[in-house]
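Residue numbering begins at 1 within each chain, and the chains themselves are lettered A, B, C and D in the order written.
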Amino acid sequence: MKDNMTNEKIKVAYLDGARNLVLSTKDKPEIKEDEVLIKVKSVGICGSDVLYYRTGGTKRRPITRPFILGHELSGIVEKKGKKVENLDVGDRVAVEPGITCGRCIYCKSGRYNLCRSVKFLATPPVDGAFVEYISHKADLVYRLPDCISFDEGALIEPSSVAFYAVIKSDLKPSMSSLILGAGPIGLLILQIAKISGSFPVCVLDVDSYRLSLAKKLGADFTLNTNNKDIVQALANSDCDNEYDVVFECTGVETVISSSIFLAKRGGTIAMVGIFDGVTPLRTKEIIDREINVKGTYRSANVFGDVIKLVERKMLDVKSIITHTFNLDEIEKAFEIADKRLENCVKIIIRVS
Amino acid sequence: MKDNMTNEKIKVAYLDGARNLVLSTKDKPEIKEDEVLIKVKSVGICGSDVLYYRTGGTKRRPITRPFILGHELSGIVEKKGKKVENLDVGDRVAVEPGITCGRCIYCKSGRYNLCRSVKFLATPPVDGAFVEYISHKADLVYRLPDCISFDEGALIEPSSVAFYAVIKSDLKPSMSSLILGAGPIGLLILQIAKISGSFPVCVLDVDSYRLSLAKKLGADFTLNTNNKDIVQALANSDCDNEYDVVFECTGVETVISSSIFLAKRGGTIAMVGIFDGVTPLRTKEIIDREINVKGTYRSANVFGDVIKLVERKMLDVKSIITHTFNLDEIEKAFEIADKRLENCVKIIIRVS
Amino acid sequence: MKDNMTNEKIKVAYLDGARNLVLSTKDKPEIKEDEVLIKVKSVGICGSDVLYYRTGGTKRRPITRPFILGHELSGIVEKKGKKVENLDVGDRVAVEPGITCGRCIYCKSGRYNLCRSVKFLATPPVDGAFVEYISHKADLVYRLPDCISFDEGALIEPSSVAFYAVIKSDLKPSMSSLILGAGPIGLLILQIAKISGSFPVCVLDVDSYRLSLAKKLGADFTLNTNNKDIVQALANSDCDNEYDVVFECTGVETVISSSIFLAKRGGTIAMVGIFDGVTPLRTKEIIDREINVKGTYRSANVFGDVIKLVERKMLDVKSIITHTFNLDEIEKAFEIADKRLENCVKIIIRVS
Amino acid sequence: MKDNMTNEKIKVAYLDGARNLVLSTKDKPEIKEDEVLIKVKSVGICGSDVLYYRTGGTKRRPITRPFILGHELSGIVEKKGKKVENLDVGDRVAVEPGITCGRCIYCKSGRYNLCRSVKFLATPPVDGAFVEYISHKADLVYRLPDCISFDEGALIEPSSVAFYAVIKSDLKPSMSSLILGAGPIGLLILQIAKISGSFPVCVLDVDSYRLSLAKKLGADFTLNTNNKDIVQALANSDCDNEYDVVFECTGVETVISSSIFLAKRGGTIAMVGIFDGVTPLRTKEIIDREINVKGTYRSANVFGDVIKLVERKMLDVKSIITHTFNLDEIEKAFEIADKRLENCVKIIIRVS
């Protein structure tokens, strides 16, 4: 089923040990009959990419060979398998990065983000997208309208994570939201909360540039907690002390611990930011105030919705892009991302 | 509006400092036009009663005067206010112990268990029911059918807590349940899980008598964890390792910490048992496996349903009553409850 | 408990038989301890008022005496009962018109709009608000911020009906909506659908003025069906043929029949407009395409939310007010409403 | 990919025009790499089979050639494609009859029963299972435990329809159910309602044998309406007049019309029985009493659950099987089914 004619070499950036990104070449991938070959255009750097860059692989997900990062991507369809009906050569596209089994109860029941057999780009041992071409299952590739740029197209994936978190939180018009953390996900959740009719929407962070971006993108209140206790910081501010929905997007231990006190009685905490340790939580608060703590993992069934939101200019993804680099500048890009230099928020690598 | 004729004295048991219960008398209460006077028959000893008995009042809820415990009660309507339409003198009744404001958004929207202005029996400073007569708002008093004894009637309240937890957990037929803790609430949840069509239902405890009761009441599996790590204990047993719904009914720190690993991907943990401290929780598990952690507090809108379940013999509350005492034996009763002597599960005081 | 000093006379408009409104006087009402006396300012004319005006009472709700219409009102608190804590004399207020029992399972569980014992203003035999003063239960009276005019305040009630319908429909961001009927409720639902992030939102009517208003208020598409078959009309238009949520706000038999074909597979039809007869419905469509048909009746628990939406200028209620009259012009106002003259949409009577 | 060696002939029953079933032979089917070859054992006759038999094809689904009926089947895996991992040769199995596309938004979001591209056995032009062998996608084939007979295995499909309807109805313990129609689906819903903790469960029909079966299978009340108005029939009986959930399983026009009056305020009607015409419905009742009318179509994601229910003897499918025939007696079997002779409920054809 494979076409073995070509031995064409393509450019790639490998992670080869902690903080070591190497530019190299590899064979151009071939495609199966239900796949498309995508010429990769823009790829965003995600927090998980930075974590692998920093550590060279985690305990749970070790990296044992030169490895390709990157899972937030846009590109152009260059070739399609014979069974592909939803796409044409030349289509500008965004890519849903998790290839799931389609057969387990999670896949069948629509919660495919929980599939145990998922092959997710840039999640070891599955390679990612800092490479000129990737093959991908056509069903997971979405056509972009012309009005969405490739850089914006690379942001459909993180926007889907944000959209999914808001949908799961059951936020309704006139409910209030608190967003802990004004990173890319927090800034996207902020906008989707506003689109959902939430108010007031309050955003907390320790970075005044990110908070200024939050303000620009529609936050009703922003608060710089200056690394102090956030319960106290809110109490001393003009902001409400309790919210219908709290979105925890920091993954910071102390913030997770505090989040439990910031939801209203009967409210919801959407857990989005990952902390890989144990957090001291006062579970009595969860009971006494009947809080609903909902884990929300990646996304499912929302790529199409998010593309429509960006197409209609309801969701501004462009404003969170602070830096763009070419593939051969990838090391500099990761250094900026790793050390959070230059007020970076979302950094895009233009692969080709 | 009050009828001041009588100065009739009635029997009462006061808590007067830690582990000091005193039999005494007090004035017979008077009733308002929307209240009934209830001759108290049977009152169950709840874990919260034991906590006040042991401590003489908690930091959050101090007790500063002789105080009456008890909020799980049945009785007979002896007198009714002129506006009372739902009850007649002579009715055998169970009592919903929380008098809520009826005006706040929680009350109006049906989540009255979250009302901030609630006056809940035996929750300081509101006196409870180890007393011959209480007055209570008639709307919160429910007629018992003849086939339900007074002792069983005293168990309508804890059964409501259990029923409410199961309803909130969204348990559906053929979903599996794990019940952590085979105390009264755990044993009631077990039965209501079975009534809801759940299987298998597995119950864990460290007390073999309680587990034998769980078996008798329908548990598909029971496991004595012998104070060992429960994740390991399950892994080494014939029971499933993960469940659709986990009911945490122990309030034990280490069990709460472990519970997070025992729900299936996409599953639910209903938090019922209260631990008044901080618990180390691996919140990454909540995200990666998209767990829903739901606090469930007391109950709302289920007393009528529970009475029907007991009436139809679907819910066996009698089997969890291990001891009954008269009011003048209350100190012995609390000692047994406090030290968990004599395989006690639910202890009933027959007040009159 | 009543204060019987005054025999002060106040102005009132009675309905005394079909199409016969009579200006008269009546005694100023007295208040109970949990009530407030409201000087009525603005009252909207609702479709149900027009129905009673036209018929002089319906078979199911006959009117057997001079009767006061009007249940969409704002006013000023002139006096308060001694138990009233949520309001002060001088407060500008909107009024939730249904006084419910507070004791039935519907009231207790938060679905008080379904209370069988409700006393709803201007629903025979309960008098309404085309009168200088009414007494009302204080818990159902909501303070208006200064930025909301009395005319706008009169629209909180219909806006609540619209808001409640949207909440019940489970509309989420990026879902599409079809609104059948651009009367006051349809125009309010349109705006709340937009606030909820719905798109596209399409509005159908046979009145081009109302459709121009829909366009102004944010409709993505409007379509004049010119009394033709609406399924065909949509098929011949640029609009989508099927929608995630259809809001039926016409109460017109043929439109109700057609609505079933306009929801997507798995979609929802919110039934809002009342037709008092039998409608031929192809229920096979409900099954084959798994449609969810949800009745939505009046509103519950949303007055506070709606006031916030108007306060924040998210909901424009002013634009749907086309006419205002003084109380002594009420007959002319009802004639215009009855015959739909002068492009009327919402007509307000300024009672005092 | 196909193995063209064999020209083996297998037995089959064709429908060749209205009420004309012809025994014949056909080629043994071949399998693709993700399929299994199933030796068909037992096949149930469904109402839809009878409809095609009676009419020789409907307007919407015409039959233009000899056609194979039957979609409720069990069998044995005789051969498997090389990609099949979930099954082994020799497995006893039940078959989910709808092959869906796996790519549309309905498939991806878990509502695959709404897939527009479904190929459903015995739904023209897709042939069914009254044939010795069928090939089928392995993902839709479920292993049966030894304790479930082939005849019972044929009933997993209709049981799934019933289970799905109950899950969609949101029936909870202590809620009451009314089941209109005691055919196979009604009798299965009855049992699953009981498993879900519903009471009382009342079943209506015009066939006293079927009602006796309902009684045997756990109905709390049964009522023979003798073709009279069912609202009146209930009003004159000992049964409740209104129910939390009404399951409409008759597909009879007048019963559908009446069902609207039999749900409680705020209750649910699950529409299961298909009537291929327009039904006069009083939609005002849907609004005034805020009824939720839910279409429920075939099933999704419940085969595994249902097999467990039968395995654990919680669901008695055997009792509704009244007749079994061999394949060469199929004409007699359909005549009995068509004319409802001999108190037939579910008729099974033992194909091999």
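The criterion applied here is as follows: a residue touches a chain if its C-beta (ideal position, glycine included) is under 8 Å from a C-beta of that chain, and two chains touch if they have at least 3 such contacts.
Note that this is a predicted model, so its numbers are computed, not measured.
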Neighbouring chains common to subunit A and subunit D, by label: B, C
Joint neighbours of subunit C and subunit B, given as chain labels: A, D
Subunit B and subunit D: spacing of chain centres that average the CA atoms, whole Å: 43
Per-residue overlap in subunit A, given as positions that touch at least 2 other chains: 111
Residue numbers on subunit B that touch subunit C, as the complex places them: 86, 102-103, 105, 108-112, 139, 300-301, 304
Touching residues (chain side subunit B, partner subunit A) in the complex: 106, 111, 113-114, 116, 256-257, 265-266, 271-272, 274-297
Touching residues (chain side subunit A, partner subunit C) in the complex: 163, 166-167, 172-174, 192, 195-197, 199, 305-306, 308-309, 312, 314
